[in-house]
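Below is the structure I would like to discuss, written out as structure tokens.
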Amino acid sequence: MKLYNVKLLTITCEILAQENILEILKKNEITGYTKYEVDGNGARGLRGQGFKNEKNVKIEVIMREEKLQDVVEEISRTQFANFAIVLYVSDIGVLRPEKF
Amino acid sequence: MDILQLIQANLLTPIILFFLFGIIAARIKSDLKIPDAISEFLPIYLLAAIGLHGGIEMRNTGFENMLVPMFVAIGLSLLFTLNHYQILRRLGKFNLFDSYALASTYGAVGAVHFSVGLSFLKNQGVSSEGYIAAILAVLEPLAFILAIFMTNMAVSKQIREKKKSFGDDDSNDLDVGLNQTKTKLSKVLHESITGKAIVILLGSIVIGYIIGEEGFEPIKIVFDEMFTGAIVIFMIEMGIIAGQRLGDIKKVGIFLTAFAVLIPTFNGVIGVLVSTAIGLSLGGAVMFGLLLASASFIAAPAVLRQAIPQAKPSLYITSALGITFPYNIIVTLPLLFALSSILHSGETIDLFNFITGGLI
Amino acid sequence: MDILQLIQANLLTPIILFFLFGIIAARIKSDLKIPDAISEFLPIYLLAAIGLHGGIEMRNTGFENMLVPMFVAIGLSLLFTLNHYQILRRLGKFNLFDSYALASTYGAVGAVHFSVGLSFLKNQGVSSEGYIAAILAVLEPLAFILAIFMTNMAVSKQIREKKKSFGDDDSNDLDVGLNQTKTKLSKVLHESITGKAIVILLGSIVIGYIIGEEGFEPIKIVFDEMFTGAIVIFMIEMGIIAGQRLGDIKKVGIFLTAFAVLIPTFNGVIGVLVSTAIGLSLGGAVMFGLLLASASFIAAPAVLRQAIPQAKPSLYITSALGITFPYNIIVTLPLLFALSSILHSGETIDLFNFITGGLI
Amino acid sequence: MDILQLIQANLLTPIILFFLFGIIAARIKSDLKIPDAISEFLPIYLLAAIGLHGGIEMRNTGFENMLVPMFVAIGLSLLFTLNHYQILRRLGKFNLFDSYALASTYGAVGAVHFSVGLSFLKNQGVSSEGYIAAILAVLEPLAFILAIFMTNMAVSKQIREKKKSFGDDDSNDLDVGLNQTKTKLSKVLHESITGKAIVILLGSIVIGYIIGEEGFEPIKIVFDEMFTGAIVIFMIEMGIIAGQRLGDIKKVGIFLTAFAVLIPTFNGVIGVLVSTAIGLSLGGAVMFGLLLASASFIAAPAVLRQAIPQAKPSLYITSALGITFPYNIIVTLPLLFALSSILHSGETIDLFNFITGGLI
Amino acid sequence: MKLYNVKLLTITCEILAQENILEILKKNEITGYTKYEVDGNGARGLRGQGFKNEKNVKIEVIMREEKLQDVVEEISRTQFANFAIVLYVSDIGVLRPEKF
Amino acid sequence: MKLYNVKLLTITCEILAQENILEILKKNEITGYTKYEVDGNGARGLRGQGFKNEKNVKIEVIMREEKLQDVVEEISRTQFANFAIVLYVSDIGVLRPEKF
């Protein structure tokens, strides 16, 4: 039951940026992710009231460290200016590193 | 006066009252909220009901005579969008992005407006041409496409000019700009056409046309008789959302506030006049005018945030939902109805006095 | 006997049967569940329907004569709350916090009770004074405010006495206690008044009053004709929740179980007698009595967990939802109806025998 | 020809059209979606309505005569399941697990089929025996239980044979196999019986029986008149889900595609013939046949993923939802109706020609 | 693309404690958070069935280590006794530490 | 305010495996967990469209390191073959380690 070290990238962003994020992942040949709707507050104000488009979504991606740099760079370059978005990275251990 | 009475009567319908109630509930910071699933379902339901109704009417009355109104509506919608842009950019001194975003928000159409209009007419016992639902579907993406096209053209031009002034005549950048425009436009076009609003609306029109009155009978209670009740519930939520945004209204400014009231009135009146001239019925002219008077506050943010991300959503959402929508359903709708009634009653009127009279 | 027959007839209505069904579904651990969005929406819908109905009735019958019943209801509600406290604390030996929490749970009113009552009367073809919906709105926060006030007073007093016995006469602490009470009270008051239940109820009463029968017509199918069907769906969920809590009933104990049955009966009967005396109609007296008999199981937890966190929710939720609610809609409601019928038929009756007879 | 006309007429009902619309919406990748809460609530509502309707009918017509049809249905269902297995395993060369999973998917019954059938009959002005709703409830877990039992028996046998060939005659393993079977079976049995579909269906039948026409009156609008409208909304979602799966259809293969069309037709026709023979009415025979023709696509995945995890869900879900369901509601249902009409009109017909004629 | 170390505080608590938690955050001048409804089981029993008030909410707060101590202390002091609540802290890396 | 190191086990799996997972936890005498529905994509395709059963659920369990090994081993042995599932472990700090 050895655990292998990989990275977990978590992106909390407004729903309208979701498609862009998933496209960036795809471009980097990452197909696995988990996502769910959340509410939140941040620099761009309270989100989660009102129209569905004004909700946030949280996207979590388990990935190898190699790809992290590129993905994070592209997201921050193309999305940070236009959308409410927060992103962080944590260390996790998985059983089947070849899956990611 | 007739119009004022009509406005007052309209003010006291459940639809308007529950909208105002929603605003108040939000202002006193009540935790009242229509659950998400319900408020996501209601627009689908409303559009299905609108579409079925339109389709059945089209079967009854034929749709050969639909082409002229359709093209007139398209023409007016594009003209108005360009007109909005000039006003916003020149008089309002908004930047390019905000100007195009706002221009198309007010050039586009709103399905909630349409629902309220249908219900208003039903209440007055007046019917309207079924094909106006089809016009609603066609107008929906139109103003956005125009605005995005114009914005990207303008941006490409700016880039080109900058390059030139730097003596760097590399036309590749322009091509990149043009290509980006194409990608964006084709994406917006595709998303609009497959967007849930248009899909359910067009689908229901077709189904309504196929099934006719008789096939509609078993589902009439759900898709016709419950219609106004469903709008009422939806209006509570619209009121709450509008109320939550009222605080942003100071960001809108005096110019845009005036714009958000005058432009819909103007567009709506022109719409009634023109549609009456091309032969629409009393109710049809009201719906036609209301379409042109309406501003989009559900579709607009989704399209514009992606396509013109530089524009400020607080401007276009707040003005469309917080100012224009209430103004339209409370004032413009009865105004257009009165206008159309007079036009269709054959009386001769001094239009200018009439309109300005109605505004004051 | 009349009452037993009425109870039996009432037992066999869809509302009661689907509630019992929900309990059974929960007990056999079925995965049956009304989705959250639906069960959050239904109380909003029910309160809107109650309010509209009340408002329209008030328009028909005027509300000048509403003040006396309103103040009588307020007085009785406060009196009952204090009475509950004495019984629970003295006879039941509950601690201060549980006593006040339970006292106010049974002093407060329940909107689900009210819905079932309205539907019961509708079924019997009996109408009731519209302003009772307004009384429902006013009573809602009342018992909680009293209980929270008393609890905090008691706590401050305890603190003061402790201080005194330690010879430490620093009255600052009392001030702190009083201030905390004020903060808590003003928070609870604000939250109650802006709470969704009261807001939608009061809003709908006002709207119902404004629109009247005629304005109600287009939304009647949704807000009137579908009412009982909607309650049925809500009762499935209430039954499931009650069933899931049945296991906790042993924690309630024999004293509280008796309390949860006797007190509502007593309060309800007093309610019918008093309201008949001050002139309410047959149906009005039933609704008035039912209000006083009802216990709160939706609002109570939200208020009490915050305001008296020391009290055990398993006591007040379980007894109100698991015992009192079923007992009230199955037994108390027909009992009060029979009582009110007799009182309004002008017959003279031996009340004491009647009531105890009805109970056994 | 009569049947083709009927099929064509049926094709043009809102139910079928909105289903096809949903498929198209999914194929053009529209974001149209009925919110989860609504599409989870609708089956509960539909089953409650079916059950109430059935219960009320049973009260009207008695249920003494329900036993024979019930046992005939059980017998046929088991027989069909075994027959499916032979066909799939022998002719289709599917492995043991897929064969049993598919056999029971087509041996089981589908509540959505049933709803559509009821609504179809209502539209034709034809009624059916109420107790068929009870048969629906009883058949629901039956085919699964048989399939799981058989699968586990087969696995145990394989294990035993392997052991034997290894000379290792430890019968403990067999016991383990048998015990596992028991555990799985009792779990499936328990889960089926407490599963929401059966619970709400049986509960509503009982409640319908108790309340009768008269008690149903106040909730008739919700549980009867809105029924077809509600199905229409549900069918949009079913269409979307089916459309999303259409891409998987190539995995289904030609054999299973033929199976998914021929078997339901065969089972349905036998069902109509047998049920007519044992005395069911025109409408009753149609519902009986439709039950047997139906395949399960909501219950099946939940049961089979747990009980026969080795089977491929893409086979049984896709064929049942993507092929059989549309085929059944578009073709089989009117076919069975025509067949039953002829059988009940007393005409003598050449059944073989009739059926093959209807198929081509 | 340097990642800066900050803390992620995760609080899973019953919905009725949510407002209290958000107030504590505000008092400590933390406005950013993400929240969503969850079900769960713990010392205070199964949560997520029944009334909406009996659900849990999960609140996640990215913050600097400096503030963590005070926030955690106040939450545990004022909320642990009265509400179903669980709280944990993890290490994460973010791009724009000045946001938090 | 000392934080004690424990493990957070996160399991993202299809809803039909949820009961199995909770049973494995119970067998290992773990009663506390938090769960919520999510969408996702992975080796077994897009999940979260269509029927409720085709959604994913995310289950999070705070536990001591001692139990981790057994739980992870049993889940991977009995569930990995038949269900869409991803599992990872991270390090967290809690206040009341005796709760877990």
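Letters are used for the chains, namely A, B, C, D, E and F, taken in the order the chains are written, and counting of residues starts over at 1 for each.
The definition used in the following text is that a residue touches a chain if its C-beta (ideal position, glycine included) is under 8 Å from a C-beta of that chain, and two chains touch if they have at least 3 such contacts.
Computed from a predicted structure; not experimentally measured.
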item	value
Set of chains adjacent to chain C and to chain F	D, E
Centroid comparison with chain F (C-alpha atoms), farthest chain	B
Gap in Å, rounded to a whole number, between the CA centres of chain F and chain D	35
Cα-centroid distance, chain A relative to chain F, in whole angstrom	20
Rounded Å distance between chain B and chain F, as computed from the means of their C-alpha atoms	47
Residues of chain E engaged with two or more neighbouring chains	36, 90-91
Junction residues of chain C - those touching two or more other chains	35-38, 40, 221
Chains touching one another, given as label pairs in label order	A-B, A-E, A-F, B-C, B-D, C-D, C-E, D-F, E-F
Footprint of chain B on chain A - complex, ascending	16, 49-54, 81-83
Chain A - residues contacting chain E, complex	10, 12, 36-43, 56, 58, 69, 72-73, 76, 86-91
Interface residues, chain E side, partner chain A - complex	1, 3, 6, 8, 31-36, 62, 90-95, 99
Residues of chain B defined as touching chain A within the complex	36, 40, 241, 244-245, 298, 301-302, 305-306, 309-310
Residues on chain C engaged by chain B in the complex (per definition of touch)	35-38, 40-41, 44-45, 193-196, 199-200, 203, 206-207, 210-211, 215-216, 218-219, 221-223
